[in-house]
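Here subunit A shows up in two complexes: once beside subunit B, once beside subunit C.
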Partner chain A sequence: MSSSAGGTDDRGRDRGKVLSTAKASQAIGKRSLLPRDWKGPSTWIAAIAFIIIVFSIINPRFASVENLRNVLEQASVPLIIVIGTTLVILMGSIDLSAQGVMGAAGMAWILLSPNSREAIDLGIWAWVIALGLGLSLGLLTGVIYAQLKVPSFVVTLGTWYVGLGLGTLLYGDGLLPSLTNQHLASWPTRLTLGLPNAFWLAVVVVVGGGLLIQYTHLGRGILAVGNNESIARSSGMPVNRIKVSAFALAGLLSGLAGILATMQIGSGSPDIGSGQLFTVIPAAVIGGTALSGGEGGVVRSTLGVFLLIILNNGLILSGVDPNYQSGVFGALLVIAIVAVAWPQRDRLKVAK
Partner chain B sequence: MTPENVPVLKLSKISRSFGNVKAVNAVSLEIKKGEVVGLVGENGAGKSTLLKILAGMVQPDEGEIEINGAKASFRGPSDAFKAGVGVVHQEQSLFLNLTVAENIEQRSSPRVGLSRLGLQDWSRVNREAAEVLDKIGVKLSPKARVGDLSFLDRQMVEIARAVCIDPNTTGTPLIILDEPTSVLEQAETAVLEREIRNLRTLGCVIFVSHRLDEILRICDRVVVMRSGRLVSDQSTQGLTKEALFNAMVDEASHTVPQPRTRPSRQAKAAIEVRDLTRRGAFRNMSLSVYPGQIVALVGANGSGCGELMRAIFGAETFESGSIEVNGRRVARWSVRRAVSAGLAYVPAERKVEGMIGGFSAARNIALTHPGEAAAGPFLKPRGLASIAQSWFSRLDVKPNDIRRPLAQFSGGNQQKVVLAKWLNSSNLKVLMLDHPLRGLDVGASQIVNSQVRRASETGTAVLLIPDTIEEAIEMADEILVMRDGELSARHDLTSNSDLALHDIVAEMV
Partner chain C sequence: MAIALTALTLAGYLGASARATASPAPKSDLVMVASVINTTNPYMISNIEGAEALSKKLGIPLKIVDSNGSSQTEISKIDAILASGKTVIMFVNTVASSDAPTIVNDVQTAGGYVTIWWNKPDDYEPWDIGDNFVAFQKIPGVESGRCGADAIGAALLGKGNVVILGGVQDSTTSQTRLAGFQAEMKAKYPNIKILEVRPSNWDPQLANRNAKDMIAKYGSQINAVYSADDAMQIGAMQAFEDAGLLDKVKFASDGLYPKTLADIQSGRGDHAIVGETFHRGYMASSVGLYTAYLAAEDQITPSQLPHEKRDSLFQLSCVTPDNYKQYLKYDDPNAAAQFVDSLVKDGPWNTPPMTLIGGGPEKLPSP
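Coming up: the complex of A and B.
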């Protein structure tokens, strides 16, 4: 029975119209001091402030400048990935490939930069090739998704392993390749204007992502496709091109994240991205980017990343037994997602 | 602008068939600048197909379209748009997460300046949208998010978008409004009517509505379609509502069937609905269906029949009023509770809500009430097969293969299986059917109808939303007519058998 019930609940044709009237009148009834786009983020800024205060009381070292820099550096890689992921999620798709693409791009980069294994140093070309690899993996994903109409969930799961495979292949059975150029290896941690370089790189990406969504046809197109793909299509928007572009950008950013992570560690590994997906996807969701597409944005995903990184860092400094950390982190994650999703629950039930 | 004497739209003998059905049959029509033309007809008269042809969504088999004196052939919606045809569809098609300006400009924006670089030129987009909104006299901020607007305001954005045609189009725009008022409240409708009259100054308008008084108020001319043909084209000057619906309903082809003999009414209603209300769908609806009785709910699109039936089944909510099943008032109503109380619902959207296409026909039959096929949490394959086989032979389901996935059956045979799913209950108290014969051929229709009658003869209360009024008269003991969410008339067919068809149509519009 539940099948029929679910169906009847969801898809009354005329019902949608009626409900949207009700929804609109509700929206008008509610007046808020804050403009709509800031309501979500302001809640999260408050939440982050609260967590910071709690952790600072538990361990004063948490609020130290060193730890702040530490947090910012830790947040850099997930911040770069989350921008690409957000673009894809805003479009109503999902990108699970980040970790694999990071592995492939990171390995490609280190093997072409001054490293302990081989004497090839292509300098800037190492960057171009590694980023190009990320971009190509993203392009491939996008084309398969848009042209062959395979669900993005499946395609990107595939790209993840393709990337991982490429990384492993590049790793081969040789010695661990580590960066021999200390200047390069210390770049992410070195400070510019008091903050780590890695973080500045993330800032550039975040700001770029925000501008892309607000001020480009691609960005607006991503939002349009995320809201209603069939309307976008019938209005003559280049839907397939938008889809491919979003995945290509996500691939490029994952590649960049892979290079940065490799630099931070100082040595190459196909597993360089391990665990990132677990931060990035929940961060986007916690921030309030709807998995159904169209709603959310870069600011929210960024705050989501900070929330999770601070939570993680705080737990470590609070002296939680490392054996419990994963469990506690996971539980907090579920609580956070439920808390965020709860107010939207009713809306989602009606709308989708 | 084209000279005044050239019609903005000229259709010559446009035809379009779907299978054996001529949905649009040799329709010719001319519309001049400044005219508002009403298009009316019963459900299935071919209005939607004609509109889709004009919007470029469907291509005609024969005939010619001329726009502003030039021959036009639309291969897709964007061709129609380029020719200057703006359409407001029955279903709103706006991006709720984008701004008013973006929704208006989204197709017409020329690629110049910043735009050529792939950048969004907000100041130009906002300015141009403000001009369009100003031109049609709508006070809305171009920067407002469409999702935050009321339904009426969104409808205005739709109109602005239809008006905002391709800047390269030199001719007079044709604006098509497909039932824009069907979900609006009275006061909102007045605003929209004023708006439509304003559009006259910009171009010409085709206005589709089921509400005839509205058509007579707004339009200069009204054309009537019946079974794919354009049967009447006259000025609204001096035209009466009666004359109009007489033109819509072809009395000759409507032989009123004789109602069947009815069982005597029992004391307790199987289902009793009192003052059921949900804003925007139905208001103060009361009805009762007794065991063995068949009640038909009729109404035009947007009358609220379907919503009411779904609310009774627990599939949608209601704001006030009550439902009593077998004399007991229900609380916390849901589909699960409705089903265990003996209610059944054959939905209009069969493929989406009525069946699981990937399951075999047999499993679909045993989906809700497995009966003797159930053994605790398991399904007994042999019991399942015997139940399915018996329904297959009783309902003459073809092909006779109970293991075949239901999606691979024809529509009529799918509907038989959907019906069997509910009839397999040992406790069927109320059977509700929403357009059960939609898309069915004569044979399948007869089988479905005879099964519904049989259920009613064994004491099941039946609530039916028929496709046609003839179907209602043929099947029902009582007809309830709904208009705009309210009960507009009630006909007891057991005492009054010479009910005139067009009386009911009059009560619907």
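Coming up: the complex of A and C.
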């Protein structure tokens, strides 16, 4: 009996929380495109600007238009992935599958586009099928995670290898598939309004991701699940559908990133995503998206990606010996994070 | 722990006694194993192709070990096969040099026969270990680097600037190729300057990014690019093509991938590729496995072989746009089977185009 009374009490409390969550969601909805915590990102922008100035003094070529375009093009693939990763992390889950999904989608795309192995060109359908493959892998992850309640860490580790396996099967033991259409291979680098196409594609994804989080039910649902899943559930949110959608979007974006990366080198490989995980997860976390969910956003993750890409590019242009580069990279990263987090240290949760 | 140790010791004794009785293992008790670093790199796929061709020729079943780029995976999968109790004939393209002693030790304990390719510690020699470590074999990296330097030196008429894309930084294969390139440049083309050496982990994607960074850094100062293998060259060429520089820059590398052959044939850029080296993965794996097979069948006694047949360097061919045609036949669909036919006829040290040229360990030229 008492337990049922307790349950009623809990529900009452939960309802109170639900109301406040709903209010918060509405508040988020009403805000401008600027993220909730604009102050944090502004210190990030200052830090990145500072790094840019230092590198420009060391090597003036760093600030050249050519290098700016180079950095923007290099940032495009991780930017596209990080948006999907951020959606998932905002729910308090993690997505490790990006590299495998990239391999599968990239291989599917190149084998259906004009390539040196098969006399086939499905044009737009190559995109549809490859993106569909990414989406399906994401959906599969989402369904297993949400319905079967398997931790996302484990499911996505599995999907990573499923994707890699699909890519390897598609690769087979034939010739290395290369794009025979140079126009297609140079698309990411070609300029539109002075900036590389690859970057414009990333901008579309980043803006889309930002709008999704700020203005859609799905975006608010993702934040609500990240803040407190049981409250979100008891307030009638379709939690499972939100989870599946977030993973499906992440799969779709990894697939898009796989296609772009394949275009950039003009050849297909199941390993096309190699190393990306070590850019996007740190980028999201460094930017301030909490792994526990509910906090952060696409602007922060975007800044995190830029910080990592600019640091790497700047170190190469400054002529740092490759033997020291990893060490210097790590040290600079720690300094940058401490400098940016210092003013906010009182408000930070205990970091474990 | 104690039980495991006892079991290991016992297995060691059994292995040793099996050797002592020294009758060749019947074919039905043999199993062939080819261990590769991954199954996505064209070179590794070619390794598998060679193992399959030899397995078919000799009628011995084959198991492939895909290490997935991890030493741990490699060793645990090999140990699982060794536990099956068959006499193992093994080719291992080691993930890291330091894997060799562990694998050899396990194979020795199980009474199998192994040939290691490409990577082992320099002071770890088959003749110090025993007949179960049949041989270590590789293609000399220094020679490969020299081929690249000569091709670029000639193409630039002895004057200009080069950037280098290396493999994984602690890989001896990459180190020897780069050392050979740098030594040859210094000796023969003193007016060619090496602007920068940038490790790119054998990864076309990373090579592409690094090439873009170097284009931003040096612009049109770069006259040539040397890559430690074709995978990285493919990424680098795309970066130069995107920057509109492909017809002004020359490239040399190692491996003569089919994609590279196609680029040489089509004269991509303004005949951008000037130098390559030829060797094939199927040759390495079939020669390695056949050497181990001969030991398992007592047709050779490794301890009685000269050192150069146990730590071996094989012929590498320098390829240029003028002579590439003679290598096309080695990429025919049945090329691996044909190579294996000659291998069984001529033996592991005399099968052209990959004949034995000397003994290791390979010495690095003085910088």
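Note that the second predicted complex is superposed on the first by the 288 of 352 C-alpha atoms of A that agree within 3 Å, B and C clash if a C-alpha of one lies under 4 Å from a C-alpha of the other, contacts with A are read in each partner's own complex, and residues count from 1 in each chain.
Operating definition for what follows: a contact is a pair of C-beta atoms (placed from the backbone, for glycine too) under 8 Å apart; a residue touches a chain by one contact, two chains touch by 3 or more.
Just so you know, these numbers come straight off a predicted model, no measurement behind them.
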item	value
Contacts of A:A224 with subunit B and subunit C, given as first, second, both or neither	first
Which of subunit B and subunit C A:R241 touches, first, second, both or neither	neither
Contacts of A:E295 with subunit B and subunit C, given as first, second, both or neither	first
First (subunit B), second (subunit C), both or neither touched by A:Q214	first
Doubly contacted subunit A residues - partners subunit C and subunit B	none
For the subunit C and subunit A complex, residues of the former touching the latter	38-40, 42, 45, 48-49, 169, 196-199, 203-206, 208-210, 212-217, 219, 234-235, 238, 241-243, 257-259, 262
Subunit A residues touching subunit C - in the complex, by the definition given at the top	59, 61-62, 64, 66-67, 70, 73-74, 116, 167-168, 171, 173, 175-176, 178, 182, 185-186, 188-189, 261, 264-267, 269-272, 274-275, 313, 316-317, 319, 322-323
In the complex with subunit B, residue positions of subunit A that touch it	1-5, 7-9, 11-18, 20-22, 24-25, 27-28, 36, 214-220, 223-224, 226-228, 231-232, 234-237, 294-295
Contacting residues of subunit B [partner subunit A, same complex]	77-78, 81, 91-98, 102, 106-107, 115, 118-120, 122, 145, 147-151, 153-154, 183, 278-281, 301-302, 306-307, 310, 313, 315-316, 334-336, 339, 345, 347, 349, 352-354, 356, 367-368
